[in-house]
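As written, the chain order gives the labels A, B, C, D and E, with residue 1 at the start of each chain.
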Amino acid sequence: MSAQGILITAFAGAGLSYALGLTSARLREVFAIVVSVLLVCLIAITHGQGAEHVYYPDFLGLDLVLRMDALAWFFAITVSMVGCLSVIFSLHYVRGKEKENFYYFALLLVNAAMLGIVLSGDLLSFFIFWEIMSWAAFLLISYKRGRALDAGLKYVIMSILGSCAMLLALLYLYANYNTLVISDLAQQIRSAAGGFPLWVMLAFALGFGIKCALIPLHTWLPDAHSEAPSPFSAVLSGILIKMGIYGFILVMYGVVGLKLLLEVGAPWLHFHTVLCWLGAITILIPTFIALLQDDAKRLLAWSSIGQIGYIMLAIGVATSLGLAGALFHTLNHAVFKALLFLAVGAVEYKTGGVRDLNRLGGLIRRMPVTFACALIGGLGLIGVPLTSGFVSKWLIYKTLITEGHPFLALAALVGTWGAILYVYKLLHNMFLGQLPEKYANLEAAPFSMQLPLMICGFIIVLFGILPGIPLSVIGGIVGTLGFEPVTATLTGFGPQIGPLNTLNLCAAFAGVLLVIVAFRGIAARPKPVSQDDSYAAGAAAPAGKYHHTVRFYDPLERMTGGYLRDWVDQFYLSAAGKAKGVFNGVRRIYTGDVRTYVMYIVALLTFLIFAHTAGWL
Amino acid sequence: MRKQISLLLLLIVAAGFALCLAGAPFGAEGARESRRLVKDNVNYGRRYVSKGLDENRCANIVTSVVLNYRGFDTLGEVTILFIAALGLGAVLYGRRAGASPDEAQRPSLILSTGCRLLFPLIMLVGIYIFIHGHLSPGGGFQGGAVIASGFLLICLGCRKKKLNSVALGAAESLSGLAFVLLALIGLAVGGSFLLNFLPTGKVYALFSGGIIPLIYIAIGVKVGSELSGIIDNLSGEVR
Amino acid sequence: MVSPILLIAVPLALAFLTPMVGLASKSARRYMPAIAMLFNFIVAMSLLPKALEAPIIVRTAGWAPPLSIHLVAGPLGLLLSSLVALIGLLVAIYGIDYIREGARARYDVLYTLLLVGATGVVLTGDLFNLFVFFEVLCISSYALVAYRGDSAGVEAGMKYLIQGAIGSSLVLIGIGLLYGTVGTLSMADIASSVGSVAGSRLFISLAFMIAGFGVEAAIFPLNAWLPDAHSSAPSSISAVLSGVAIKAGLYAIARVVYTVYGASSILPFLAVLGVVTLLVGEMCAFAQEDIKRLLAFSSIGQMGLILFALALSSATGISGAVFLIISHGLAKALLFLATGYMIYRTGSRDISSLAGMGKRMPIMSLCFTVGAFSLMGLPPFVGFASKFTIVRAVLGTGSTFFITLLAIGLIGTVIEGAYFLRIVQWLYFKPAPEAMPEQTEGRAPLTALVPVGLLAVLIVTIGLLPGIVGRALGPAADDLLDRAAYIQHVMGD
Amino acid sequence: MNFLTSYIHYVGCFALVLIGLYVALVKSNLIKVIIGINLIDTGVNLFLVATGYLGGGTAPIFSKAAEQSQEMVDPVPQALVLTAIVIGVSVLALALALAIKVYDHNGTLDLRKLKGLKW
Amino acid sequence: MTRIIQLVLSPLIALVVGVLLLGLSRKIIARIHRRYGPPIYQPVIDVIRMMSQRSISHGSLFDLGVVFALAGSLVTVMFIPLGGTQACQPFAHGVLCPLSSSGGLLVVMYLMLLGPLGLALGAGDSANPNASIGVSRKLLLALAYEVPFLLVILAVMSHYETISLTEIVARQQQAGWGALSVPLSAVAAFLILPAMLGVRPFDLVSAPQEIASGPMAEYGGRSLALIKLYGATHLFLVIALFVDLFLGGGVNLATFLLKMLIVFMAVEMINAVLPRVKIEDAIKFCWKWPAGLALLQMAITVLSKSG
């Protein structure tokens, strides 16, 4: 199955699901799932293929090319997998809501467009699919109305801005190298004399950075992620922002190449170093802002920005371990962030749209499976050993330390500790603590919602114990991008990269666990007691059953005195307000007095005459 | 403020005009001065003056230019007048002119009789002007305007008299159509739009100039009916 | 052989015939503009392949070019006249049921004549004839803007007329200055002798023409009439005004600057003017609450971009500009047409009244969205292909000046995205207000859905297969750029 | 001085144009503005005719009496002016119709008050 | 074989020594307060007593959290070199560190998380307000001391250019203690030891008089026993890490334990005399002094490495 077949399936699937939806809702759902699963399978069987072929000759004088290689495959499988899970999750989530047809269409379209992005063999089709993804995502973000509309607008404005920059950059490449096919371009750029201009790199970075929410281009993300429908939040956070990452990797290593990249911006500011530092900032600030969020999805959104910081940091270091870490973390983040968003979505679905962490609690009793999966996802996000997140973060730290960037490593590590705090807050405030009375009879989420969670959870643990499975693919990719390939064993790394053996760790942990459980078994079994029994000391439970997890990290908030805010966003908003004022001012030139208009005409004429006499024209 | 700015701007425009006229000689006169006026060349109409009489057998070179060499402009021009008449009707559609106190009053007998007497004479003059457009100064536009003035007189002098707008409309449509068709016949016959396909006759005779008098008649009718229509629309209810 | 002059003569004859038809059958009269435009479309399309090889020179009255008025049906002219005919045809179909009030008989004639004017402008090879057809176009649009006779329409028409009339006078002064200098009116003839005459006078005549044609082309700061006129006219008229009429003004400027004067020194200024127009248009559109006014300002913005691309003086730049003329024509016509029935439905032009339109008028809303996306330049719609071509051309020039201007201009695109997507949100994601006055006569009939749908299909089709028009763009650009070839084609050897 | 004598006709018609423009720029009465536009038109028409003027030339109309030999002025601008006049008349008619309608709607012809459409 | 013995031995040592240190702690403090104090083996007795009591449970996570915490800290111990093994040769490998080849300092840092996290999850399930407050404080405190702690570790790692803990210990034994080569880091690490151990002045997590032992509020019986054991292991772990990082580990187990004892005594002195601080103050303190010192040291290290 070629890349072309995959894309046709994906796009036709999106279109057909809409058409089918007009006849039967059930048929559409089944069809959407079948298409998504089919895509995963199709991509899975193309593993290891490498092909490049023209699929649209002479589009505006350019050949559009599709290609399949290791990097594309890696991203494609991630995209199709998360996309498939979100479609499955959507089954119940959107059922009975309005515009289901549109929802499925847009969701499948976004997935298809993302596949298009990663399978593009030239930058023009990359851009085309990129734009399709952007507007389709905009439609989905706006789906829930209300505040979602503002979020959608914010997203799309920034997105267009990024696209414009990207368009400039890629057409600069075209103007200078007369091709946009990635492989030719790479060859020509590398063989051409002279370096690669910084502004082009910056323009690309603006485009990609906005999509992957690199600080200070991140401000669309918290709003968009939190206001989008949850299955789509999973897609957004899991894979859509990863397209920015893909873009960075593609341009930096696939097109420009390592050798030239290290020269970009020299001698004052090395582009990749700047990227590293931006990555570090992107880890630190959002992590701490995430701590203080009360909206579950907003918290996760900020956390996404933070995790993107890790990936950017690792990409910027420009080492083979770093890149491997970045790729692995991309995969991991896709999985566990999708899991967490879906878990929040399940809670939201069951509680009728409540995402406020201060109003939830104790749901572990009603939704144990969801909690278990969310716990695994949370641990993965933190990077606890035996989850896949650990291995990728380990790679990133390792490369930072051995390459001599302790300050960057510090940012990454502190970010991890921040992650513990917000993951705990998320889990605790939703699932632990007291169960509000109105949720006492909540039922567990339907199976179609639990299944994606379980799959994600399984992947996290599997790749955590046997990281060699993904790393064998990633190691190869790193090799194709001009680095020394990373060789990993099935359970970690040999001594030349660093001591890591997750299987040993797992065995030790299991052993100790067994011993403790056995030891614990000596003692008497505890007596199950209702939660409020013990602290109310047998008295009747307090009327309001007050809940104690409001403003969980209040001391930190108090201490930082409100400085932990999204300053950038405020700056943008005020700038936007100013711009609006300017626009309104500009509008006033059309005064309504026709004589003034005549004056404008005469003025232009006068100007031309004057300019001519003055010798300007 | 507005005045000062306007004056300033206009001063610069005036300077621009002055700049245009300064320097090399300007216009046909200027071309003659600088000896660029070539007899049989197209510049400044020299060729029309020198060859026009032979080519179209039309004594009035201006008419020859208007209807033959630049006949296509004239078609546009007729169209514009047509547009103006229609546009006026469209804009004023449904409007009743305010009933002025004079309107209720019957015009005096002398006035209305005088008008009726004058009307055929005016018509006659108008028709004369456009029929002789290719021989003497004047032509379809001028004649049409004279005809319209006759209708204006009727409107003013005999207030109760309403013009037959259907007939006017038919006249303007048909005359316009006649113009286009005459032009198209040229295309069909000689492969060129507006071709002077009729025998051009003898110069200075009434029947000379080929299709030129025919077109001028069409234009005369058209302009007359259009201007009359405009007068009608401005003075009464527009339907 | 079919002569390009039929493109003007036949619709003109049909327009003259229309009142007569009206006497026989009122309903038959409504179809006359559509018939005329259908004829034009077929003829223009059938002539286009031949014109792509070499311009078709049409003599009038049988005289060779410099002697009498001639038409030059080059690739550019025929491409644009096909566009005029196509949009004219679709809008004419739309107008069959849309126009319900006023002097219907006059509407049909004026509408046809407006398009005849536009066709004449793009086909003619004579400067004064260009002016005449320009006036045909302008005067009929003055009348049509005020067609409904309501307060806004009349005021807009009056303002449009005043500015337009002054603009025309300026053009005429320019033509007079030019005639006084070279003594001829055929554009090719002028072009061949312009090189030999000295500077100032020519430049000032060019300045007059730019200022004059610029009024119709809606160049900043000459565009104050446009938002008023386009928003107050009936939607079908807005569609042709935005889709066709202003393009004719721009064509006139391009033709004059490139062919007649070969004035490359003014191009950077025009580029700056284009970008300013783009920014001002988009900025003003951003704060509009009136949907039609918003669309009108957006047209200004797009005209700015087209002007900018035209001023690039490179083959890709001009083909991009022509492509954008086509794509903007299609999209803006679609938007105005779709808006027309939405306004009928709600009785209000406020954007907020569009809430929930996605449910009430699904096809119209969908088409509107397609048009809006295309205008923003999102793939896979045609707007993308055209904007892409322009950006490619700018970077192809490699000039920092143009690239900087483009970068500034792209900000306009961002603003444009902001307000159009806001409307899309209103259409689909805002709940329809309760107790909506449901106006049954607002339901779109087939004659409205077909043109709107066709335009949407065209936008998608050309967007996916830009090769359809792409083939004609290169020759069209050469038509404008290659002055010597133009002169040679027209004047013979 | 030589400039004035040889270009006096141009000066006159440009003066008309400028006066017309001034009226259109400054006067607030719609009818006056329309008159201003008409002035511009007139000026332009005069200008066009002037471009074709040849000193000592006759009107380009042949007659049996004066068969040939005499210098004739350029006929083209005259034809153009014929067209331009008609266009001017058309615009004028339409302008007046619009003015009537404007007055019907607003009860005024003061352009300062006709600001229903702005921004 | 030796591997397996090591695997069993190392957690066992940690448990025994940790429990005894707990007892010692009470004894030392009592002595400083001029009391007699409980016997040193008192914690052992406590654990046995608690194991025999039947407790309550609020749910599976309530119990499992504690198990995870203990398991996590015990596994961590396996990654820490507990002194050289010259004295007891059969245990080969040079050092008593059973999982040295399965991960380095980075793994240790991560595994140390599991304890607080497990305890926090368990306590969270108890829905006791005191527990919530305690957990919130615990996590914030962790955030507070982790910043200097990470700086310290990074400085050490960059100084020795390795992430392997055994390597660091070996290098110290060759070229002098870490306390001498990265002195400011050592000071910083010592300053945050009380916070890491949760003793005064940073005992605000379990502050018994204030929030009823915080996370432990609802625990009793076997779970509390496990918490106790976790506490002991954690105590051992932190001090052992300090010894490994700055005091050159130990030539053999005995010297290692001796060094630990000394460090422990020093910490207990602080514990005995200082009052409890507020959480905000704790954060401020940690981010000011220890973090400042560690940052300075790191800057020096980085500069000296690059220069």
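Structure notes:
By definition in this document, a residue touches a chain if its C-beta (ideal position, glycine included) is under 8 Å from a C-beta of that chain, and two chains touch if they have at least 3 such contacts.
No experiment lies behind these values; they were computed from the predicted model shown.
In terms of the stated touch criterion, the partners common to chain A and chain D are B, C, listed by label. The chain with its Cα centroid farthest from the Cα centroid of chain A is B. Distances between chain centres, each the mean of the C-alpha atoms, put E farthest from chain C. Put simply, the C-alpha centre of chain A and that of chain C have 43 angstrom between them. Chain D and chain E, compared by their mean Cα positions, are separated by 99 Å.
We define each chain's centre as the mean of its Cα atoms; on that basis chain A and chain B are separated by 72 Å. Chain centres here are Cα averages; for chain B and chain D they lie 16 Å apart. Multi-chain contact residues of chain B (touching two or more other chains) are listed as 2, 6, 9-10, 13, 16-17, 19, 22, 26-28, 44-45, 69-70, 73, 76-77, 80, 83-84, 87-88, 91-92, 95.
Within chain D, the positions touching two or more other chains are listed as 21, 24-26, 33, 51, 74, 76-77, 80, 83, 87, 90-91, 94, 98, 101, 114, 116-117, 119. Interfaces, counted as pairs of touching chains, are A-B, A-C, A-D, A-E, B-C, B-D, C-D. The touching residues of chain C, when paired with chain B in their complex, are 3, 5-6, 9, 12-13, 15-20, 23, 58-63, 66-69, 102-103, 106-107, 109-110, 113, 116-117, 120, 126, 128-129, 132-133, 135-136, 139-140, 142-144, 146-147, 149, 154, 157, 177, 180-184, 186, 189, 197-198, 200-201, 204-205, 207.
Interface of chain D with chain B (complex): residues 3, 6-7, 10, 14, 18, 21-22, 25-26, 50-55, 59-64, 72-80, 82-83, 85-87, 89-91, 93-94, 96-98, 100-101, 104. Taken in their complex, chain A has these residues touching chain E: 361-362, 364-365, 371, 375, 382-385, 390, 394, 397-398, 401-402, 404, 406-407, 409-410, 413-414, 416-418, 420-421, 424, 427-428, 432-434, 492, 495, 498-502, 504-505, 508-509, 511-513, 516-517, 520, 522-532, 534-535, 548-549, 552-556, 558-559.
Interface residues of chain B facing chain D in the complex, by the touch rule stated above, are 2-3, 6-7, 9-10, 13-14, 17, 21-22, 26-29, 32, 44-46, 48-49, 52-53, 59-62, 64-66, 69-70, 73-74, 76-77, 80-81, 83-85, 87-88, 91-92, 95, 136-137, 139, 141, 203-204, 230, 233-234. Residues of chain B touching chain C in their complex: 16-17, 19-20, 22-24, 26-28, 30-31, 36, 42-45, 47, 68-73, 75-77, 79-80, 82-84, 86-95, 166, 169-170, 172-174, 176-177, 180-181, 183-184, 186-187, 190-196, 238-239.
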